[in-house]
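Same chain, two partners: chain A is paired with chain B first, then with chain C.
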Partner chain A sequence: MTKDHMTRMGDGSRVWMSREEIRAEVEAGNYAAVDAAEVPSLTDDDMTRIVDIMCEKGRTVSVEPGEEVILTQDGGEQKLLMDNGSSSPALELNRLEGIQVHERALGMDTFEIAYFDPSTKQIKPVIGLEMAHCQNVMANTVIPMLYMFMPNLGLYYQPTGMYGNPPDLMRDFKIEKAMSEGEKAADEMYKDIVYIGEKILSTGIDGMDFDTTASAGDLDFVASLRAVETLRESYPDADIQMGMSAENVLGIHGMVEYKGTVAAGLYPHQQVKLAEMAGVSAFGPVVNTNTSKSTAYNVARAVCMVKECSKVSNIPLQVNMGMGVGGTPMCETPPIDAITRADKCMIEIAHVDGL
Partner chain B sequence: MGLVTHYTSSGLGGIRTTGDLVGRVQLRKKTKIADSKKYVMDKLGIGESELNDECFMRTFREEHGLGTVTTIGGAPYGIEAKLNIEEILDMEIACCCRFREVTGLHR
Partner chain C sequence: MSFENEQKLLHDALVSCKVPDIVESVNTAKAAGMSANEIIDEFGNSMSEVGILFERGKLFLPHVLSAANGMKKAMEILGPELMASGNEGASKGKVVMGTVEGDVHDIGKSICSTMLQCAGFEVHDLGRDVPKPEFIREVQDGCCYCGMSALMTTTMTVMKDIIEMLKEAGLRERCTVMVGGAPITQAYCEKIGADVYGESASETTRKAKDIADGVVQ
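The block that comes next holds the complex of A and B.
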């Protein structure tokens, strides 16, 4: 067994493996997904194909012509403008210029507008500014444009918000209080999302991206779904994308439901069904990367979960393939060998509609 | 900042080709990628091999005023191009609807 294939660990560091070792990693990743999400195993052919792609000799790999998918993004122009602490290069461009660079120089199929602090609660006080910015961008760009924001229920809890912090209350064994404070915070966030959503969509922007949905757990997820449902009534044609924050919905409340389904503990193939019911246009599943495992392991694990999600979904899937999700390494400068191999596996085997 | 990497591995290319058009259809009609591409091919009257052909689409987009990646003095850009995209895709675009609404213009 010659270790003649250069690959990566989940933290981005280089590692050399034999084809047999890569095969073993792929099988382990697949079974980890089956165990965690209770989804069907990849077929033997699927796993062989992942091994083939991981072992391709080129620096980068790509899908065959005709198999391209749509690229979406999160973070909008801020991905160029923000400081390095936010994984961005801090370029001194204005916001419109940042967007036009992505449209005209970087080949993006769709793009987003984002405030530098893009959580629901932070956008609300500057909504007028954001509306004017949207109008400016829509007049001067061609590609579909979404307004990206993060629901981020966490900001509604103390110390930054007015509601009791459920994890703190639970530590004091105030379980019912933790649940009721969470419910009140979620209602407040729901109202704020609808407020900013109605304002933003009135500018003529194509739609909105609910990014890092469920970052504060099940209440965050359910409040976001309710907001989609309400916005869909006012804007039936809006492009509403929902991207998740993690592969599994944390049960911070534990019992909150959306249309009869308990939200806590749901995996991508279950999350997407709730998103469909709420009226989401495109769903972005997340599968987390394990930094101490290989890229082969992480890609197989991600593809296994997303394949089932794709199979049951009636709406397009635009899977999260950024740093640290979708099998890609958790690294600020994602290695191109790992990124392109993860992309190809996800498209060929999980049959996603976009990245 | 892996956008260029994703583009070279699997992206359609935005306004270099038909990526924005396929993306617009996918998000609006909630269609999977194959159906979204077919809709665009049918409306533009082009074949599958032209969808991702930068050279072919550069000329096609210029001729139909759909917005191009390189500068062409006087050619439709921004909302002007999107008004043409509405026509060729037979699909309303929200900012164009708003433009007509606030200016009193008609399609």
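The block that comes next holds the complex of A and C.
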């Protein structure tokens, strides 16, 4: 077996593998998805196609003309403006110029405006400035504009918030107190999301994106779904998207339900059904990357989970493909060889609508 | 007499992690004639399954804590029968558990304590940041298992100190030393002369049960 295919590990490091080894990694990744999410296995043809894509010789790969999907960017304009040390270009641009570069130079199909600290709690005090920014952006761009924010229930817990911190309370075996504090915090976040949502949508923007939903677990997810439902009543035509933070909804409360379904432990194909019920327009599933495994393993695992999500979904899927999700390596600037292969597999095999 | 239906009821109630269901299943099993020990055995097995589901991400910490709470309520119901049968003290052995000196991470250790308790051990959980002499005192007072947890590479060395102190006190042969925590490995367990390495709460419990039941030495 000649190790003649350069590929990546989940941390972005280069590794050389034979086609047979890549096939074994794809089968293992597929099995891991079936085992964790209890979804159907990829077909033999699907796995062969992933191996073919992983073994393509070019530095990058692409889909055939006509098979392109919608591209958007949920990091906001700040990605061009900031300096992250080893990544991000730190361009001397204002926020509007950053968005225009995405639209006119980078060719984004849609874009998501974002405050530099885009958590619900942080946006609330500056909502008037954000509304003015949205109006200015819409007057100077053509592509559909969404406003991105992160629910981020974690900021409502001590020490940054006023409610007791469930993990701390559970450590002291105060389970009922942990649950009730979480519920109160979630109610507060729900009210804040509705407040900022009503304000932002009143500007006439095309929609909103709930980004990294459920980052603080099941209560975060359920409060976000409730907020979508409320906003949908006021703005029936708004494009309300929901992107997740992880493949599995963490059970920080454990028992909280949305419309009769316990939220804890749900995987993408189950999450999307709740999103549909709440009135979400497009859903962004996440599948986490294992940094100790190869890209072939991670891509197969991600595609297997997202394929089932795509199959059961009645709304478009705009899958999260970036650092550490969707099979792409977990490093600040994911290598283009790995990310284009992961993208192509996701489009051709999982049949997603956008990236 | 077969109690298949009651066993399934007890199992399903515990794995559901709902306290009212657990209490109801105990009352139903008792009414059908199951003994307190039979009910506890069934719950012990079911609790192991809860531990496995927790490790696989199918259940979460609140579920484990609720199941443990349900077990506690069940023990309150079964207590009088156990006392009357003189079987109250029929535990698998006394265990001292603690997160070692200098380390305040104790959630994994607490889960392990709960699972050991559910499996029939008498657990003396000393909490976190436990001074070394307290482990020695508990072994002197009759604990035959010494469970230590450490979550940091800077505190894991305390485990070795405690094992040396047990040797110096002539107590090492009297107890099974169990170690666990994120930086601990089987190799480290062997290196410091501990007896059992548990990668997870359920693995530790299973290994302790095997020793108590004489399955392994």
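As a convention for this text, the second predicted complex is superposed on the first by the 349 of 355 C-alpha atoms of A that agree within 3 Å, B and C clash if a C-alpha of one lies under 4 Å from a C-alpha of the other, contacts with A are read in each partner's own complex, and residues count from 1 in each chain.
Keep this in mind: a contact is a pair of C-beta atoms (placed from the backbone, for glycine too) under 8 Å apart; a residue touches a chain by one contact, two chains touch by 3 or more.
Worth saying up front: this structure is predicted, and the values here are computed from it rather than measured.
When chain A is checked against chain B and against chain C, the one touching more of its residues turns out to be B.
Touch criterion met: A:170 reaches chain C, while chain B stays clear of it. Once chain A of one complex is fitted onto chain A of the other, the partner contacts of A:282 are limited to chain B, with no touch recorded for chain C. In the superposition on chain A, contact of A:106 is made with chain B only, not with chain C. Chain A has no residue lying at the interface with chain B in one structure and with chain C in the other. If you check the complex, the residues on chain A that touch chain B are 60-63, 65-73, 79, 87-89, 102-104, 106-110, 138-144, 146, 201, 203-207, 237-239, 241, 281-282, 314-316, 321-323, 328, 333-334, 336, 339-340, 343-344, 347, 353-355.
Within the complex formed with chain A, the residues of chain B that make contact are 1-16, 19-20, 22-24, 26-28, 30-33, 36, 48-49, 51-52, 66-67, 69, 77-79, 81-82, 85, 92-99.
Chain A meets chain C in the complex at residues 36, 167, 170-171, 173, 175, 178-179, 248, 250-255, 264-265.
Those residues of chain C that touch chain A in the complex are listed here as 17, 56-63, 65-66, 69, 106-107, 110.
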